[in-house]
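Supplied in structure tokens, the structure appears directly below.
A, B, C and D are the chain letters, set down in written order, and residue numbers restart from 1 in every chain.
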Amino acid sequence: MSSNRRYTLSLSCPDRVGIVAAVSGFLAQHKGWITEASNHADAEAGRFFMRQEILADTLPFGLGEFQAKFAPIAAEFGMDWSISDSARKKRVVILVSKQEHCLYDLFARWQSGDLDIDIPCVISNHETFRGFVEWHGIPFHHVPVTPDNKPAAYAKVEQLFNEAEGDVMVLARYMQILSPELCANYPGRIINIHHSFLPSFVGAKPYHQAYTRGVKLIGATCHYVTSELDQGPIIEQDVIRVDHSDAPDDLVRYGKDIEKAVLARGLRYHLEDRVLVHGNKTVVFR
Amino acid sequence: MSSNRRYTLSLSCPDRVGIVAAVSGFLAQHKGWITEASNHADAEAGRFFMRQEILADTLPFGLGEFQAKFAPIAAEFGMDWSISDSARKKRVVILVSKQEHCLYDLFARWQSGDLDIDIPCVISNHETFRGFVEWHGIPFHHVPVTPDNKPAAYAKVEQLFNEAEGDVMVLARYMQILSPELCANYPGRIINIHHSFLPSFVGAKPYHQAYTRGVKLIGATCHYVTSELDQGPIIEQDVIRVDHSDAPDDLVRYGKDIEKAVLARGLRYHLEDRVLVHGNKTVVFR
Amino acid sequence: MSSNRRYTLSLSCPDRVGIVAAVSGFLAQHKGWITEASNHADAEAGRFFMRQEILADTLPFGLGEFQAKFAPIAAEFGMDWSISDSARKKRVVILVSKQEHCLYDLFARWQSGDLDIDIPCVISNHETFRGFVEWHGIPFHHVPVTPDNKPAAYAKVEQLFNEAEGDVMVLARYMQILSPELCANYPGRIINIHHSFLPSFVGAKPYHQAYTRGVKLIGATCHYVTSELDQGPIIEQDVIRVDHSDAPDDLVRYGKDIEKAVLARGLRYHLEDRVLVHGNKTVVFR
Amino acid sequence: MSSNRRYTLSLSCPDRVGIVAAVSGFLAQHKGWITEASNHADAEAGRFFMRQEILADTLPFGLGEFQAKFAPIAAEFGMDWSISDSARKKRVVILVSKQEHCLYDLFARWQSGDLDIDIPCVISNHETFRGFVEWHGIPFHHVPVTPDNKPAAYAKVEQLFNEAEGDVMVLARYMQILSPELCANYPGRIINIHHSFLPSFVGAKPYHQAYTRGVKLIGATCHYVTSELDQGPIIEQDVIRVDHSDAPDDLVRYGKDIEKAVLARGLRYHLEDRVLVHGNKTVVFR
């Protein structure tokens, strides 16, 4: 009886003739059943991107042997590549401050099984959600952040993330700017939700900036964190309509609906290995 | 020192010259400060709709005296009218089945204060969410519904709603069809979220119906419940894009994001007295 | 027999008790039938905005007498106000360069009667659309713009606009930056469509800027022109989803659909006196 | 020097291991450079769909030899397949009635080169657009349709389409129901824009149906015409928000913006061989 377990192969390499043929030939030779395949040729960058989902049980070998057998092809084409196994749940460490909306939203998705992840812990600079998180059986770590203790605080966050064997760190409206060192240590593994439609309204109080400018739509942006504030590769964005009757408080409230939806979509793309980063941009195979 | 307390006056009446003048004249005479005013003249129905928000403390009298003094104007114009006081929180009874998304979403909005309501209790036909609800300090009532016990079950629901002094009953993906009697007893006070863009895909398994038809957008509809299934006055709707690669399970998952957003918006409009029903349609003063 | 002719009264003034009562009392006293009424109180600015549509034939007097009789009320409240008559079509001068999409779109709306305007002439810095415009019976003026002749060219544009007795100048992808003098001479009367979601991507080649940044939505902005490039009051905006597979040329092509739709909506709001400017922001009574 | 000419290979077949390998292996063997590749496995139907764009000049042979060499692979996998050459412009016959919006929109796209097509003729049941069409250098055929002459009229339409060597017939708000015979003769080659979000509001006056039901969004649907009215495979849909203040005439006006945008997108997908029909559904490789 066949299971639903999948391997997901993601790769990029300089574009040339024969990449798809080599990869799909390899899979066909070993009777691998492809359930989803996506390609993108970036003509300007001269680079090719590919993602393949394969039914694990149709292959005669496991992940280790796959990697060994595929390595020569990867080497021939100069591929930047990885493969993941759906049987191993990704470990998502959530960082939160005092706002409910993203935390409740992620927990509902995790509880229902729509997000098939492990949450090894939640880290916060406030005690606000200790009860809620612990009621769900998840460890909660309070790491206060003050103007004076930042290096120590972020070292503690990094230590907790490592001890939790986290795959990805999600800033679910964490409201703190991570240290450049922390950002640099986990490229493509820290996901933030910024409460504006970037590149508009970088930095603090974007809804108030939007109110002052009189824009007719506000937005949110899910992006990988880099050491430059709000400048990392964008994974997902969305907007919602507002008008003159909306005060800054209304924008904040509307914005929450967009923030949690955009974060959830961006995180899902990341977890399913649908996001390939190249330079400061992303290929997202939805 | 002025507070933020508001009275909200909602009315409709046959359209004629002088309605706005009479209402705004009355308010001005008593120095009532209007913070928001909306009007709609339905030319086809020959009916006029109005909503006024007034700063309570600018008036020299309370709600009872307002009602007494306004009654002659209401009588003169044949108004269907009501007035509410923001100082009195509305009491929202939530009915839920086994799906998390709407429940978690409503609770997050209530916890953050974005939904300024009381939740006197949650009623469910399953025990699934007893722990979650009770952890938040809200009474939870398990009222099983079986093919055989429906009259008794809905009588119990009605009794609980009345004991809770509920203002509005929210079917947050309750998945049960209320009895016609229950629907008829609370016109304009039972709000449902249907998981399709009505009038498409009435009834059961709308996402599967949508998949079979091959539509390119799926939606959700927040409406008042009437005794005719999925035919009540529509308060709010929205859609999300899907494509050929989405299986029915994907549609279900995407749909949840629309359902909870549409329910939350529709419920907010209702709670803020922004929805005026006329026949089987609504005027929604957003 | 009653006609459909309307007067539209637009005003703003410092907020205080009694404005709506005074205006609606005046209209009711003269038996004016209100077909649409909109209000907005800007609490931060302490300013009140109002728009009233009245069936002209229900009033016992014409526009001149309306203005005379209303003047004392306007003076009492310190109103900034105007009144327009739907029987007088607004005169829209269109400026265009070499791109078809906005011009064809506006002409289709005008031909079908959806835009109930006069187009006294089209002005262009190229000869491209002379045939198309003249076939529709509209005068076409070619005013070349070169680095050397700008003052003379814009003086010519201004002269043509004045001779045409234009009410509003529409830059339908005109691709030239008007002189500060011209902008200053017609505040709130020159409408531009900018091909980005402002304030992102000000200036030249916004779609290429958007491509480089890797945004997931692109947009367009309809705004009043001021002497500061792309900084004027925003009337309307919208966005469209793009992804990694879209080259800059694709963004340009998608963008056209948004540009023409946003321009058409913004222009309609302006023509129906739905846009009230305050500072660098707009109130748009849709 | 390499040109931009493309071959587009589209196919579907029963799903099994090795399809992608066979096709991409064939292309790689002949040094074909793939610029865009899309796949879809429909697990429920057990069918695989594929579209490949190849730079024509990288292959050592032309379309005829491609077809001959590829035939054995197609036979082996039981493929339903076709290949097209971007060097041959598709011939689009437009049918129109008395509404401007879709016609002007399609003509603007064709004039600008965004739609790289030939328009051999326009057919209408009215004379309304003869001048406009002929001014653009396109033949115009007036084929009146009356309750009595329908068989003859549609025979005439079919004859004109055949004489024009049309690839696709576009009903750009043609407002006439084609005969079942005509529909059956050109499966997947007649594209209609219906002015509702199907399956809601089939048939006549959908905007009035939408008004009566009180929906909060209206839509448009681009679909292939089959002999069952408004039941053919859906290519593209979209919606726009409306509210209580919108009369049926407003819905008609808003709807036009959606209709022309949805028709243009759907037509583009068809012209670029992005639409594969299976049963009554479409795979659209955007």
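Heads up, the rule we're going with is that contacts are C-beta pairs under 8 Å (C-beta built on N, C-alpha and C of every residue); 3 or more make two chains touch, one makes a residue touch a chain.
A quick note: this is a predicted structure, and the numbers were derived from the prediction, not measured.
If you compare A-C with A-B, the chain pair joined by more contacting C-beta pairs is A-C.
Chain centres here are C-alpha means, and the one lying farthest from chain B is D. A separation of 35 Å divides the Cα centre of chain A from that of chain B.
A straight line joining the Cα centres of chain A and chain C is 42 Å long. Among all residues of chain A, those that touch two or more other chains are 36, 43, 245.
Note for the complex: chain A touches chain D at residues 17-18, 20-22, 24-25, 27-29, 31-39, 41, 43, 58, 241. Per the touch definition, chain D reaches chain B in the complex via residues 40, 42-44, 49, 197-201, 213-217, 219, 233-239, 243-245, 247, 280-284, 286.
Listing the residues of chain B that touch chain A in their complex gives 36, 99-101, 103-105, 107-109, 111-112, 114, 131-132, 135, 245, 253, 256-257, 261, 264.
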